[in-house]
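In the two complexes below, subunit A is the common chain; its partner is subunit B in one and subunit C in the other.
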Partner chain A sequence: MLFYILRRFLYTLPIAIGVSLVCFALVHLAPGDPISAILPENASPQLIEEVKTAYGFDKPLPIQYLYWLGNVVSGDLGTSIMTRRAVLSEVIPAVGNTLILAACAVLIGFVVGIGLGTIAGYNSGSILDKAVTAFAITGVSVPHYWLGMVLIVLFSVNLGWLPATGMGSLGSGELPFTLDGLKHIILPAMTLAVIPAGIIARSVRATVSEVRKQDFVQTLYAKGLTSRYVFVHVAKNAAPTVLAIMGLQLAQLLGGSILVETVFAWPGTGFLLNAAIFTRDLPILQGTILVLSIFFVVTNLAVDVLQMMLDPRVKRV
Partner chain B sequence: MSDQAATFSGAIPDTVKTERSRSFWQAVFRRLSRDPLTMICAAILLAIVLIAIFAPWIAPNDPYKTSMVRRLKPPGTPGYWLGTDELGRDMLSRLIYGGRLSLFMGFTPVVVATFIGGTLGVIAGYAGGRINMAIMRLIDVFYAFPSVLLAVAISGALGAGIVNGLVSLILVFIPPIARVAESVTTQVRTQDFIEAARATGASGARIVTGHVLSNVVGPILIYASSLISVSIVIASGLSFLGLGVSPPLADWGLMLNTLRQSIYIAPVNAVLPGVMIFTTSMCFNLMSDGLRSAMDVKG
Partner chain C sequence: MKRQRFWGILSAVAIATLMPMHAAHAEKILRVATTLADVPLTTGQPSQGGEGARFIGITIYDGLINWDLSKEKEAAKLVPGLAESWTVDLATKTVWTFKLRPNVKFHDGSAFTADAVVWNLDKLLKRESPQFDQAQATQGATYVAPIASYRKIDDMTVEITTKAPDSVLPYLLTQVFMSSPVRWEEMGRDWAKVASKPSGTGPWILDKLVPRERAELVKNPNYWDPKRVPASDRLVLMMMPDPTTRVAALLSGQVDWVEAPPPDTVPRLKQSGMQIVTNVYPHIWPYQLSFTEDSPFKDIRVRKAANLAIDRDGLVSFLGGLAVPAKGQVNEGHPWFGKPTFEIKYDPEEAKRLMAEAGYSQDKPLKVKFLVSTAGSGQMQPLPMNEFVQENLREVGFDVEIEVMEWEALRARRRAGADAPENKGGHGLNNSWGYWDPDIGLLGPAWSVMRPPSGYNWGGYKDAEADKLAAQAKVEFDPEKQNDLLGQLHARMVDQAMWIWVVHDLNPRAMSPKVKGFVQAQSWFQDLTPVHVD
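Presenting the complex of A and B:
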């Protein structure tokens, strides 16, 4: 088992390096010089040279990359062009806010997805099954940024029940579970949960009905087990597949929250990225994307290891 | 299934094989035509596409003509069935014209990515060994980003614009398509009929074009068709963020973006463009599902 974890970890390392390369390249992909954004238009050639040397832009690209990677590993993601603050000190609170939102969305998405998927898998072919499939397809197809707007129109503009934007008391670092905080998180979390709920419901339905067709389920019934106990066995067998999909969804949520955060003015990574794009604050853009994608890589690693612990058959593949 | 098994077997003479494979496609179309949901979706999509193509003849008003006096008129206003937007432009005409860019931005990346990703995947799957390693590890790196994040990152760095939006979406869709292409090609490569073709002295290129492609194109296309709906939603999402299509062009995502400010004054107008994105994406999803079950491809 340790060997498997080690091998999986070694496999992740080159991917993490590749991800860092892509993030490094982002700044150089951008039109114009990376330093043109921080200098006035009429800067003298001498000043340009000085700034280039100061930021290390006069060195060849591979050297620049290693220099940058060294800084990143020691926790220095550069300085924001707009605020002049360290990128990390801007990114960390934003990641925290995104995680709060993603965690709530994951909770809703997983509970709804697993519940509906199991019901549909146990009643395949029935009207219930068709209703769940319809919900799942809708969840997968709906543009969630638009769904967010529709929810705002319904619950904030028309009914006036819930606030449309912001974090409320959640943002001020107070106790996270005040009524005000909950009110602010309901709409964005529900919006963000729709896609994973749909995808999970779909795959749980497929997995459960697949497992139920296997011979051992017939044997369990023949042994005289009640359906409640058979369900435990079915759940155990369906768990690894479902877990893998859920892990992937959790990680996708972090990236997908950009659009939802924009709709609800939620001060997370999406909000930060949006601001960085319009002010052409490339260090912030680069730093946020690096942190999020490394998070994504690590989540995938954790899911793989967890899946192996639950189902030793995975190891042999 | 028996039709499929026939196309997989290399022992059947050429004439019989083509006849059989034609009947496979006939079976697919027969099954599709008996699937009412898929046919309804196909009809809706066809209508949306035709309306977009013939927009100049169908749209009742000029989609770019602004007017300060008739801003944000509600739907049902005489002459402006679906109301007007925040600059007084006719919503219906803009929705009709918007289909052109939105469909183009959703469809093109999948087509290009299917070509590039499919080629990479087939090469990696057929060549195996080091070439496979090199291609697939590179793909894995891009696969390590959440898709929306990668699209936003690339077009955010490149800046707004239709071409930059397309480039970022193509890069997002190459990895998943290459992965599917690689895995089906690897499966086909180990089949007996490939071995038989090799034994008759056929070259690598001949085997790939003559035997491998015909067996992997179906699954790849089915997978690609399921990406169109994702692509339309993400492409509109980019425009919604202010990346991708820029004003004053008509695009559903961009319309959502600019109308978002008016959500308290004219909520119905503000959410209308999303209805179009949702309908299109939903129909593509259902059609892809219908196609998948008609071709009986698993996965």
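Presenting the complex of A and C:
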């Protein structure tokens, strides 16, 4: 298994390089210029050249890319064009904030999704099942942006129970273990949790329902096992499939959400990317996407390993 | 005895606990939601244009010359800042002498002197100086562009020489902010470290900087102008680029003030008792026109017709009253408005007549293409507004194609000039414009020598009369006479229908009813020092 993990980990390198290459090319193909956002309206050709040289944009694109890649290998993701801060010092707090939000959303989404999916799977065809399915479809279909605004209007503006935006008085990088911090995280976490909750509920429902139809479940009942013990076996058999889906959802949440983080002014990776896209802040875009792609690959790897541990039948070549 | 001791300790603990709380509650805090996604550069020359200067430039820093932002009924004027007075040598018209204000201290306690001015100009202009900072130099390039040299005469006098006679220099110097050389040394000569603990001479001191989230400023009780010592103890600037989020934050009581609420939220805000503060300011939402060989706007009849075809009152109503119809590049009542003879108004019949004279009608429409952005600084509501204008123009014989692009792409197209290959076939550019100084407002767009990329004349407008007036205004050092010349230039621009002028934004802000003391100046910049929350 160690060899497998090592090999999979090595796979992350070409994936990360591929992602960064695509990102680099896309940003340069887009209209506008990486330095246009910082140049004054009447920048002279001389100033444009000086700035390009200072920021390394005077070299051919492949050379620029190789320079960047070389620095990344030595642990330097570059410097933001807009803020002149080190990219790493921008990305790390943003990743931390997204992780905090994602952890809460995961907690809500997975608990609700697994709970409702299991109930529906055990009551296949009933009104309860239909209600859960309706919830799941709504959850999957509802636009994040819209739901976030609705929750803000309801809980912040009309009821005044929860704050509408930001991370609260603690600010970036602090864990929300204060009442103020928790209050700030509830709405964005709920918004973010709805889609994974819907997807997981549907998957769990389908898997549980499928597993319950298998012969071994009837055998277990016939042997006189109580429902509680049978449930444990059903859960164990359903786990690998559900885990794979949960892994994808987890990775997606860790990647941050541009829309949700912008609506709630939550200073995570989505918020960072949004600002970087509009200001053509190439180093920030490159650095953030690289870190996120590594995250995505590593999360998937972790899920795969977990699946193997739970179900040895899942063989990896 | 034990019981007494117990209560004594408990009281002491309670007092010790409550005292800081009491102190915290006593602090007067003003919380402002900006439209920015990140805190602008804090080291001296702020990034992010007018909003950067508004919230980080004129709060933490001063220029040699400042804006008087205390009046709402007239356009903001220049007033002495860190220089008490300035004169230009009328023989050369290039040598300026600035007498500095005595007894001014930076936030770090060091003295502001002529050495500091020279040091700051080196920071922007002298690449070989150790304090040269590319980031600040880029931001300040426009404002120091005319400067050829500078030197210290004595501790309180500085001389600046321009490359050519340039009467606009005082306007430009409002945006050249003075940072402390001592703080830069303290921070190991590292501008990145200075960013989190900058030191200027301004009425506010940066206390806390959380990138992408907020900047917290505290009042400078020793500010050199006692009338402008802040009424609030703390100013919290929050980064909220999403307009609906800002409005929700205000309605839920998270902030006291929001910049630029969307027009459709204004009724709801008013209903909740919020103040909506507006005023004209040097902003125009126009179409800059192309004068390249193949452009139909070379014909003055077509330009006038386009200006007469737009129902500006209808558009203002559509914008919830948050704009005023334009009568030219600058607003009526502005010192540079002058006396144009061509009245810009809604007169579709006259527009049709002019179009017919030029050979066009609804049956035989004139095809034109406008370049517009989806959003952007000062662009208001670009897509629905462009559709509104498109419909108006269609009714008098135009067939307008709208090419939509992202804001930075539009800026790049503007910087390239109308005759650049990428702009071929584009006859107008919908890029909102400011007129806070004569260069950007009138001289740049109307003077034929000011072509892009270093000038603002995107379309290649060339008019001998405008050129003559622009050249005269550039070297007129008497402010009254200069205003008169600029008025004549503006009248000429309007009479020639140089651009299509649509509306002036009213720069709306929404604030809680508890916010007091704000005077909205006719400026891109605003003074937050008198503002407080009751």
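Please note the rule applied: the second predicted complex is superposed on the first by the 248 of 317 C-alpha atoms of A that agree within 3 Å, B and C clash if a C-alpha of one lies under 4 Å from a C-alpha of the other, contacts with A are read in each partner's own complex, and residues count from 1 in each chain.
The rule is short, and it goes like this: a contact is a pair of C-beta atoms (placed from the backbone, for glycine too) under 8 Å apart; a residue touches a chain by one contact, two chains touch by 3 or more.
Nothing here was measured: the structure is a model prediction, and the numbers come from that model.
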| item | value |
| --- | --- |
| Touching partner for A:146 - first (subunit B), second (subunit C), both, neither | first |
| Which of subunit B and subunit C A:282 touches, first, second, both or neither | first |
| Partner chain(s) touched by A:263 [first = subunit B, second = subunit C, both, neither] | both |
| First, second, both or neither for A:274, with subunit B first and subunit C second | both |
| Which superposed partner A:82 touches (first subunit B, second subunit C, both, neither) | second |
| Touched partner set for A:310, first subunit B, second subunit C, both or neither | neither |
| Contacts of A:239 with subunit B and subunit C, given as first, second, both or neither | neither |
| Touched partner set for A:51, first subunit B, second subunit C, both or neither | second |
| Which superposed partner A:92 touches (first subunit B, second subunit C, both, neither) | neither |
| Interface residues of subunit A shared between complexes with subunit B and subunit C | 30-31, 149, 152-153, 157, 262-263, 274, 278 |
| Residue ranges of subunit A in contact with subunit B within the complex | 14-16, 18-19, 21-23, 26-27, 29-31, 137-138, 140-143, 145-147, 149-150, 152-153, 157-158, 251-252, 254-256, 258-259, 262-263, 273-274, 276-278, 282, 285, 289, 292-293, 296-297, 300 |
| In the complex with subunit A, residue positions of subunit B that touch it | 137-138, 140-142, 144-150, 152-154, 156-159, 229, 233, 236-237, 240-243, 256, 260, 263-264, 267, 270-271, 273-274, 277-278, 281-282, 284-286, 289 |
| Parts of subunit A lying in touch with subunit C, wherever the complex brings them together | 30-33, 36-45, 47-48, 50-51, 54-55, 82-86, 90, 93-94, 149, 152-153, 156-157, 160, 163-167, 171-172, 262-265, 267, 271-272, 274-275, 278-280 |
| Touching residues on subunit C, where the partner in the complex is subunit A | 37-38, 41, 47, 134-135, 138-139, 141-142, 145, 191-192, 195, 210-214, 238-242, 244-245, 248-249, 251-254, 405-409, 411-412, 414-415, 440, 444, 452-456 |
